[in-house]
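Chains here go by letter, A, B, C and D, matching the order in which they are written, and residues are numbered from 1 within each.
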Amino acid sequence: MALIRDLPVQFTEMLLVLAAAPLLTGFVRKCRAHLQRRRGASVFQPYRDLARLLRKEVVLADSASWLFRVAPYLVFAATWVAAALVPTFATGLMFSWSADLIAIIALLGSARFFLALAGLDVGTSFGGIGSSREMMIASLAEPAMIMMVFTLALIAGSTQLSTIAETMTFAHVGLRVSLAFALVALVLVAIAENGRIPIDNPATHLELTMVHEAMVLEYSGRHLAMIELAAQVKLLLYLSLIACVFAPWGLAGPESPAWAYVAGVGAWAGKLATGAILLATFETATAKMRVFRVPNFLGAALMLGLLGTLLLFVSRPF
Amino acid sequence: MLSVVQGLMLSVVLACIAVLLAVAVLGIVIGRRSLAAPMIYGSCTTIASLLLVTAAAGLGADPTDVVLPLGLPWLGAHFHLDALSAFFLAVVNLGGAVASLYAIGYARQEPESRRVLPFYAAFLAAMNLVVIAADAFSFLLAWEFMSLSSWGLVVSRHRERENVRAGHVYLLMAAFGTLCLLLSFGLLAGPGGAYVFADIRRAHSLAVAPLVLILALLGAGSKAGLVPLHAWLPLAHPAAPSPVSALMSGVMTKVAVYAFIRIVFDLLGPPEWWWGVIVLVLAGITALLGVLQALMQHDLKRLLAYHTVENIGIIFMGLGLALAFRADGMAIAASLAITAALLHVLNHSVFKSLLFFGAGAVLGATGERDMEHLGGLIHRMPQTAFAFLVGAAAISALPPLNGFVSEWLTFQAIFLGPALPQWGLWLLIPCIGAALALAAALAAACFVKAFGITFLGRPRSGCAENAHETDRFSRGAMFVLAALCLLLGILPGLAIDWMSPVISALVHARMPVQHDIPWLTIVPVARSRSSYNGLLVFLFMVASASMAAMAIHRLASRALRRAPAWDCGTPITSPLTQYTAGSFAQPLRRVFGSVVFRARERVTMPAPGDAGPATLSVEMHDIPWEVFYAPIARAVTFAAERLDALQFMTIRGYLSLVFFALIILLAGIALWP
Amino acid sequence: MNMLMAHAANLVLLIPLFAAGVFAILPWYRWAARLNVAASLLTFAASLLLLFQRPAPTPFIQIDDLNIVFVVLNTFVALTTSLFSASYIAHEVEIGRLTPRYLRFYHAMFQFMMFGMDLALVANNIGLMWVAIELATLTTILMVGIYRTPEAIEAAWKYFILGSVGIALALFGTILVYTAARPVIGAGLPAMAWTELIRRVADFDPALLNLAFVFLLLGYGTKVGLVPLHAWLPDAHAEGPTPISAVLSGLLLNVALYAVLRFKMLLAGNPHTLAAGPLMVAMGLVSLIFAALMLYRRRDIKRLFAYSSIEHMGIIAFAFGMGGPLANFAGLLHMTMHSLTKSAIFFSVGHVAQVKGTQKLADMGGLIVTHPVLASTLVISVAAIAGLPPSGIFMSEFLVVSSTFARAPLLAIPLVVGLLIAIGALFLRLGSVVFGEPRGSTAPDRASYLPFLAHLSLVIVAGFYLPTPIVTWFQNVARLLG
Amino acid sequence: MLVSFLMLYQDRMLALINVFALHAMLLGLSVGWQAYVQDAPQLYVTAVIAILFKAVIIPAALRRMVEQLNIHREIETVGGIGLTMLAGIGLMALSTVVMLRVTAAADPLAREDLAFALSIVLLGLLMMVSRRNAVSQVIGFMSLENGLVLAATGAKGMPLVVEISVAFSVLIAFIVIGIFLFRIRERFDTIEIGALDRVREGRR
């Protein structure tokens, strides 16, 4: 019985994520354009890009190996699976217990791993720059993320996202300093991981400061489409992660009636929209920073996470 | 019937070890023959796999004892096969069997074969002996014999000076470790000389327990490679022939872990909470320093050796947590922590052997260990590349492979830390968590570098240009291990259940039974708390990846055109323009190096109009070496210099020495009441 | 047969004496080597007889658990050494370092020295023992100087002066012991007989005994080579013919040690005397660490191992000084193993020096390439002497260290440090000799491997298996030593 | 006793040898006296040996050698004579103290004897240490050995005294031969021991 209900829910969730991701990116761009007094492309532009890329043929560098061709699919799959594990509009989804927050981080990690390898594969200097910087950023972002998880796990007594979300909704966690720290840390990490300003600029090319774009420089056609889509899914993933942890309202529970799910979807869309607007504003407000100031940026995130946990320890009732 | 078999197991093990020793002797005799290598490695493979089966089967069995009239005359040599021994016996022989298989193929490229053969078999035998020895004397005998035989393997290529030096440092550290263990056993046994483990266990309640802990930490740590006792490891492991490097890194360090567990968890009574603190601090430093050092290496095998240091750190994190939990009577948590540690022991031995095999294959195909001269090997040796990739993904803790599982369990154990009463641990454990996370992330970066620079890109030298795929034995060995990486990754529950007797024997508790949970999920403590299902994640990824691929190939274009690399429209064909290992690591060196290695970069630009090249020079310091080892060496040399003067005295001088000795003693007599 | 049994002890003494006489007279030297071997063989057989039946102690001769260990060891090493020297000295004669005359002289002296040592061991009379030791010393001095090179003469001279001073001090100690014993036992021979002394020691004047022990320790300690009395040892080892180095390290040091032990037992017998143990422990530690440090700067391979002998004598003195069944057992074991291993080392070193034509460490290298067998035996024996398993020395060091640490941790620390330093130095030098690119001549060696193979196999077997009779026997002795 | 001080004091080789002869002579006489006191005939032998060998032959030999090597010159001591004397006095004090403490029980005669013997031994050693010249060292050694014989004879009824003294005489003979050996080898124009050290190992 449960299976019959959970399975479709899970799959709709996954498909929904897939479908919504480009829209989100488009929306963010639109917002930025408005903020910069431009009209900007349509919200649906990303879909068109993807479609066009998919239709184009792949131009493969001579020195590219099989890994180069497999990587996009792996990256996409890993990201997508990770997204499927995040309770976007409903907790206790069917697969939610098959992996916890750490596993999600690790999945994104493996996506990044293969992307970085692909960057090195062709043997161009740009690819090298991209992957080496990407790994540098990641090697700081991941621990910050883990520390954030640590904080949550201490509060919720679990690393299971659904459980965390439920605790956040129903239990009276109350406002905590460490939670605030965790939130900030998470936001910083999210910015870094998605290669947004000020860490990286998704809109640039031919610029030595680029990171993510440098890695995928050699990609074209359907491969590029996969990677783009993966990136968009990742952005969505992070936004909904923040949403479900720090604004867990309206999430449908395991046994809630059908309308609850609809409501959940609605709430989710709302959260995403706000998140996108905030992100756009932030990006327009700040400027890209030098690569070697990034460690300080992320070090701050790491410190915040650690501080949050320590505070939690100290402020623990005994 | 079953009990009879179980009773026989230890005898079987001993017989196998005897055969191994015989094989070693055989190696001395027929070492020069061309057939010797296949024969000996083949027999090692068979014996080791036999031992592996025995151990795997004997894990659940009741402990059995055998006493041989050897060793200390009035004690005899005691051997004991309990769950812990069986587990490590399995780990040792898993590595041993696969390494021997690999060595059959590898032997063709081994110039000093007859210097390797005898020591190889002896080395295997010694490691097996260590894990089943049950009295201090035979334990240390086997332990030191293990060091000696591996020393023989390290210096087998004695013509390179640095190999001999590596061997020397190694032997010294080994002797140091042995003496430390010897002292700790001396304390455990007491003046009466009760060297049998059983008696020591009975004695318990030691006032000197902390001292024993420190000594065990020094002794086992110096073999396992805990910072700052790791100095020999990155020297010795690369110097040995590749299958032996795999054995030393993947297996011998585990034997050291065994020694630590045996002494601290088994022989030494109930722990204090701050023991955990010591171990954890060391472990954290080890993990971080190990991985950072690894990042800075360009020598493939040395990089792997430093990663061994890092993983040993992770293992000891688990052990330290287990100590702390056990001290506070949290049996379940302790069982979780130690399971994580043991699982990581198993996993690390698997993927580290795999990686060393890969490095050995590269070395054999190109004659190069320096990554800066490699590249593009994925085209010439695709199978090796694939196996190495699996190993790299596993050691970087990427799901759904096995490395992730054990690190995930370690994280779970860390998350249980807050339940501990001591505030010292509250402050420490989050930092350990951060260290672990950092280490994992850096490891990923490091292996992107290792794999990317070695196998990807375009060849950076002629030897990489015309490399060739390695032989089939080696490939077989690598694929076996790669398959194990995946299996242990997606079915960890089975492994956890398999090793549960060990855990329950050590901490009198065990993790919840895993195999009856649907979908083979693993649940450390409670379902609601956390759970991980490697199998599902794996299926998921495969499914979605293939779905995406299929959909695209069905609906979208399938066209593909080869063209020269674009590289922003300015492609430079020379492979020297590629990113090198050094340049890949440069950002991280900027970030961490300045603190950890006191790294200094100096760029000298030519004057405007000067056509000369700009140079970038980097100087780095190996802090542990400079802080701990160099001073000792200096002190000894200094003392030797000074005392050497005594060599050149006149006879009269010597006479006066005698004279004054006499006077002093007489005065002593005169003043003695 | 019974008669033979009865006179085994005398045989042990008479055979060497007779043989020495024979060599002294015999004009033709070709047979000398074989006769030498034969004589040593006979002596060894006789000493084995002693194992089965012990003659009752006479005023001059006594055999008990303690000295029989030494006697058997002594004769055995003498046998192997004579085997070794047969080939070694022959080679020396070929290359003209020695003339046939000296060869005869050598063999005569060899047996004569054996006689001295055996006498010293079985003597039941402190005076007789002293005379015997002096005899052995003088003969070894002549042997050390046998090459007549300035270095050799100088070494012999140094050995001579220091040795005779030591002897003199020992004599004074002996006299003092007698003076202490006389009031109790009464004048005459019995007052110098071990059997009597041990029995009545409780009533001696303790202060006098202390004084005596000081002199004896310094006197015989000079022979043992304890720092700071060691000065003669390295030169004597380095400059003499290698068989003599082997005998010096393997036997003479033991004999002197035996004397010290005897007197230590004597002191232990008297409750009011100062404890001899701490004194020996201190000297042992000093010797150990000093010698270990000296190892680093050696350039001459035989000097290197001479210092290692000092180091091991230090360990042994330490063990006996600690006392107690475990430590004493370990001391005995260590002494036996050290004699065997060290003489084996000198055997192989002798061959190495002969094939390389030098003793300078700097001029040898890559031995494993040029002479695999010699190199591997050298490696094995050095590993054994460094206390790495499987070798009996590992067992003894295990016992010493662990038992000491359980009783007096602070004493064990310097011991361990010294051992570490020594291992480091030994393997540093070993590496430079055995590994690396071949240096020096690659002439094939016509060595007879029998002697050191015999020793090494004994040592290695002892590493993990000691037959019960030997163990019980050693344990008795350990108990005897208290 | 005093004579040994005289020896310490001496600075000319020949004189030194003469004094040593005197010393040996005294020893012989004392031994003879002891023999008379203990009416132990074998001690007479010792006495005779002492007188003949040490008081006559060896000094003669040494004299010949000294003349051949013509080293009548000053004997260079390490510290000045005065210093050596002071040290000697210190040693005397030490030995008497030790002996008095030690042999509280023994009868006065033996005690005196031992005290003398010990101090002579120490003085001999001191002499060996403080003189640079081989001959004088030999003499120091022999005086030391005289002390031993004194002690040996002092201990009543000690057996083997004869043998021991004979053995010792052999030792002395060896030393003398050794010195001749050095003379034979022209490599060393002097027999100063310091000269030997140039051939030592580490000095390459």
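By definition in this document, contacts are C-beta pairs under 8 Å (C-beta built on N, C-alpha and C of every residue); 3 or more make two chains touch, one makes a residue touch a chain.
It should be emphasised that the depicted structure is a prediction, and the values quoted were computed from it without experimental measurement.
Chains that touch both chain B and chain D are the following: C. For this structure, the chains sharing the highest number of C-beta contacts are A-B. Comparing the CA-atom centres of all chains against that of chain B, the greatest distance is found for D. A separation of 99 Å divides the Cα centre of chain A from that of chain D.
Chain A and chain C have Cα centroids lying 78 Å from one another. Centroids of chain A and chain B (each the mean of its C-alpha atoms) stand 35 Å apart. Averaging C-alpha coordinates per chain places the centre of chain C 30 Å away from that of chain D. Listed for chain A are no residues, as none touches two or more other chains. Listed for chain B are residues 644, 647, 649, 651, 655, 658, 662, 666, 669, each touching two or more other chains. Residue positions 157-158, 161, 165, 169, 207, 210-211, 234, 297 of chain C are each in touch with at least two other chains.
Pairs of chains that satisfy the touch definition comprise A-B, B-C, B-D, C-D. On the side of chain B, the complex with chain A involves touching residues 375-376, 378-379, 382, 389, 393, 396-399, 404, 408, 411-412, 414-415, 418, 423, 426-427, 430-431, 433-434, 436-438, 440-442, 444-445, 447-449, 451-453, 456-458, 519, 521, 527-533, 536-537, 540-542, 544-546, 548-549, 552, 555-557, 559-568, 571-572, 575, 577-579, 583-588, 590-591. Within the complex formed with chain C, the chain B residues making contact are 69-74, 77, 115, 136-137, 140-141, 144-145, 147-148, 155, 158-159, 161, 164, 167-168, 171-172, 175-176, 179, 182-183, 185-187, 189-191, 193, 195, 636-637, 639-641, 643-644, 646-647, 649, 651, 654-655, 657-658, 661-662, 665-666, 668-669, 672. In the complex of the two chains, the chain C residues touching chain B come out as 157-158, 161-162, 165-166, 169, 207, 210-211, 214-215, 217-218, 222, 228-229, 231-232, 234, 274, 290, 293-294, 296-297, 324, 326, 368, 383, 386, 388-390, 394-395, 398-399, 401-407, 409, 412, 416, 419-421, 423-424, 427-428, 431, 434-437, 463-466, 468, 471. Chain D contributes residues 78, 91, 94-95, 97-98, 101-102, 122, 125-126, 128-129, 131-132, 137, 193-194, 196-197, 200-203 to its touches with chain B in the complex.
Chain A makes touch with chain B in their complex at residues 54-67, 73-74, 76-78, 80-81, 84, 95, 97-100, 102-103, 106-107, 109-110, 112-113, 116-117, 119-129, 131-133, 135-136, 138-143, 145-147, 150, 153-154, 157-160, 163, 205-206, 217-218, 221-222, 225-226, 291-292, 295, 302, 305-306, 309-310, 313-314, 316.
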